[in-house]
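Common to both upcoming complexes is chain A, partnered first by chain B, then by chain C.
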Partner chain A sequence: MQWKLFADLAEAAGERTVAVDVDDDASVGDALEALLAAKPALRDRALNEDGELRGDVNLLKNGENVDADATVAAGDELALFPPVSGG
Partner chain B sequence: MQSLSIVGPGAAEVRDAVAARLDGRVATVGRTESVDDAPNDADGRFELSENGDWTGSGDDRSFANLLADLAAEYDYAVISGFSKLRLPTVVIGDAEVPGDVLRRVADASDLDPGDLAAELAELDPYVTLEALVAEAKRSPLAERSGAIATFTGRVRAKDAEDDSRTTHLKFEKYEGVAEQRMADIAAELEEREGVFEVLFHHRTGVVVDGEDIVFVVVLAGHRREAFRTVEDGIDRLKDEVPLFKKETTEDEEFWVHDRA
Partner chain C sequence: MSDLSLDATQLDRYSRHIILDDVGPEGQKRLLEGSALVVGAGGLGAPVIQYLAAAGVGRLGIVDDDVVERSNLQRQVIHRDADVGRPKAESAEEFVADLNPDIEVEAMERRIAPEEARNLVADYDVVVDCTDNFPTRYMLNDACQIEGVPLCHGAIYKFEGQITTLSPDGPCYRCLFPEAPEPGTVPDCATTGVLGVLPGTVGCLQATEAVKVLLGLGETLTGRLLFYDARELSFETVPYQRNPDCPVCGDDGIDDLAGVDYDGGCGVASD
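Moving on, here comes the complex of A and B:
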């Protein structure tokens, strides 16, 4: 599956898109771990000291807000972004 | 309106070849060094034939207001010979341009006009408030509408007298999801009694001091639902649509969400 990163999260990772592979029964949280393993510089920006997603980071799967325990499958598009600031 | 700028030797020929491959209403714009029969007793002169063919000339038009006028009436504008436009640009040669460079080639013969025409449909459109209002008025429910309310968001140079001046903003968009969320918000607002059409447009990329960023247009039966809906529309866009803004002032550069 493919991660899309935006704004300062893309800057922290140094990439806007990152492809990761996880097991068949994996969760979005597992896919996030795979992303952070590939882009370690992103970890401090995305997670708090308890290792949970920071409150100011949005997590989407195929355009919908999801929790880390949601399921994930090959072909899904995952996204991480900061608070929106359009207008 | 989709727009494309072409600069460099042979740009005018490429412009006409691209225009010939587009469906819909196409305007082409070229550079002329002088207008031979420029009017000297009027600021503008127009000639119109019985079947609607027209020509015009004059000396009081900036490129920006020409493009704004075209946007309400044409599906495409293909422009040659202007190197200072912040539009998607095809460069023949080594000119530096302010717009996004779609292609850079050494010679005009390296370009395939058919490919350019096909790509043009995918680019960010050039949209004005007037074009959105014109679109709203084409609604099948327009005859029941007595009110249009609009909101325009623009780049504010200063929020207070002693603020460091904002030179530009740069917007990033979650392609696909942003459009879907705007469409969902519009559809929900259009379910309201007496609200017939809700249209959004938000620019991306660099938007400089004083330029417009976002438009919301509401076509409604009466003014109260028009005002209420345009306010809710821009509030929801700002809360829900994945767009991200980096601000550059004379002193610094920062992500706006870090200062909110």
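Moving on, here comes the complex of A and C:
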């Protein structure tokens, strides 16, 4: 599946799209872990001290809000985006 | 017939609206009798003010506490070289007066305080969020939700924009982004730079939404967040839902702004 990253999250990762491979029964959380393993510089920006997704980082699967334990399948598109504030 | 209230100059000025079936003289009259509060007269506010004034939105409130700087002129297209050093609210007011004498402008040279936010937004039919900071964005969301005023949101980062419309029935900005980033973590345009034409595109989309709200026309971006990427020239829309536990528009949402810490992360105090 593919991750799409927005704004400063893409900058932290150094890429706007990142493809990851996970097992058939994997969760969104596993796919996130695979993303952070591939792009370690993103970890501190995306997760808080407790290893949870930061409150200002949104996660979507195929355009819908999901929990970390939701399942993922090949072909899913996952997105991580923060609010931006420039005017 | 309501079109009798448009004078000959107005029939001429707004003729391309008036001949549109979905606007017509009634729609134009609605715009002329309508009002919009534009918060921020910078990169986003410039095209919003231009198009709402040109469209004949009869009363425009313009709020900004900054003065025009030369580095603004690369994107803030209502201000001119000669305006450097002047308050943006004043420069914007003059721009509107020169463009369209039909428009009554209320220029406010200040930053909106939480104590006045609800009364201020309640005085307009629609609010357009063209600010450059999270505290004011969350404050506008909260005030507009409580007062039942639609809010057209736009925000930019370097080459990217986010646009959505927050309607009185929700979902609201806090349903989409429950927490503001920690102060200082998301850099502003002065730090990161911004493609000059980017706020033009994003502001025009906000102005489109505001005009649609005033006309009651079409489908707004309520419950949808539009991402714009200028580098790829791509638009992507994702849906989002109302959060029943939202501290503002949820079932037990707040009904005043007194308990919100806008200076320290915009959190809502729980009772």
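Just so we're on the same page, the second predicted complex is superposed on the first by the 83 of 87 C-alpha atoms of A that agree within 3 Å, B and C clash if a C-alpha of one lies under 4 Å from a C-alpha of the other, contacts with A are read in each partner's own complex, and residues count from 1 in each chain.
Simple rule for what comes next: a residue touches a chain if its C-beta (ideal position, glycine included) is under 8 Å from a C-beta of that chain, and two chains touch if they have at least 3 such contacts.
The structure displayed is predicted, hence computed values, not measured ones.
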Where does A:44 make contact in the superposed view: on chain B (first), on chain C (second), on both, or on neither?
-> neither
Figure out whether A:67 sits in contact with chain B (first) or chain C (second), or with both, or with neither.
-> neither
Looking at the overlay, does A:55 come into contact with chain B only (first), chain C only (second), both, or neither?
-> second
Counting only touches as set out at the top, which of chain B and chain C does A:7 meet: first, second, both, neither?
-> both
Identify the partner contact of A:86: answer first if only chain B is touched, second if only chain C is, both if each is, neither if none is.
-> both
For chain A, give the residues common to its interface with chain B and its interface with chain C.
-> 6-8, 56, 58, 60, 63, 79, 81-87
Of all residues in chain C, which touch chain A in the complex?
-> 40, 42-45, 130-134, 137, 154-158, 160-162, 176-182, 185-189, 192, 194, 199, 227, 237-241
Seen from chain B, its contact residues with chain A in the complex are 153, 171-172, 174, 176-178, 180, 202, 213-214, 234, 237-246, 255-258, 260
In the complex, chain A residues that touch chain B = 4, 6-8, 56, 58, 60, 63, 79, 81-87
Can you list the residues on chain A that touch chain C in the complex?
-> 6-8, 54-56, 58, 60, 63-65, 79, 81-87
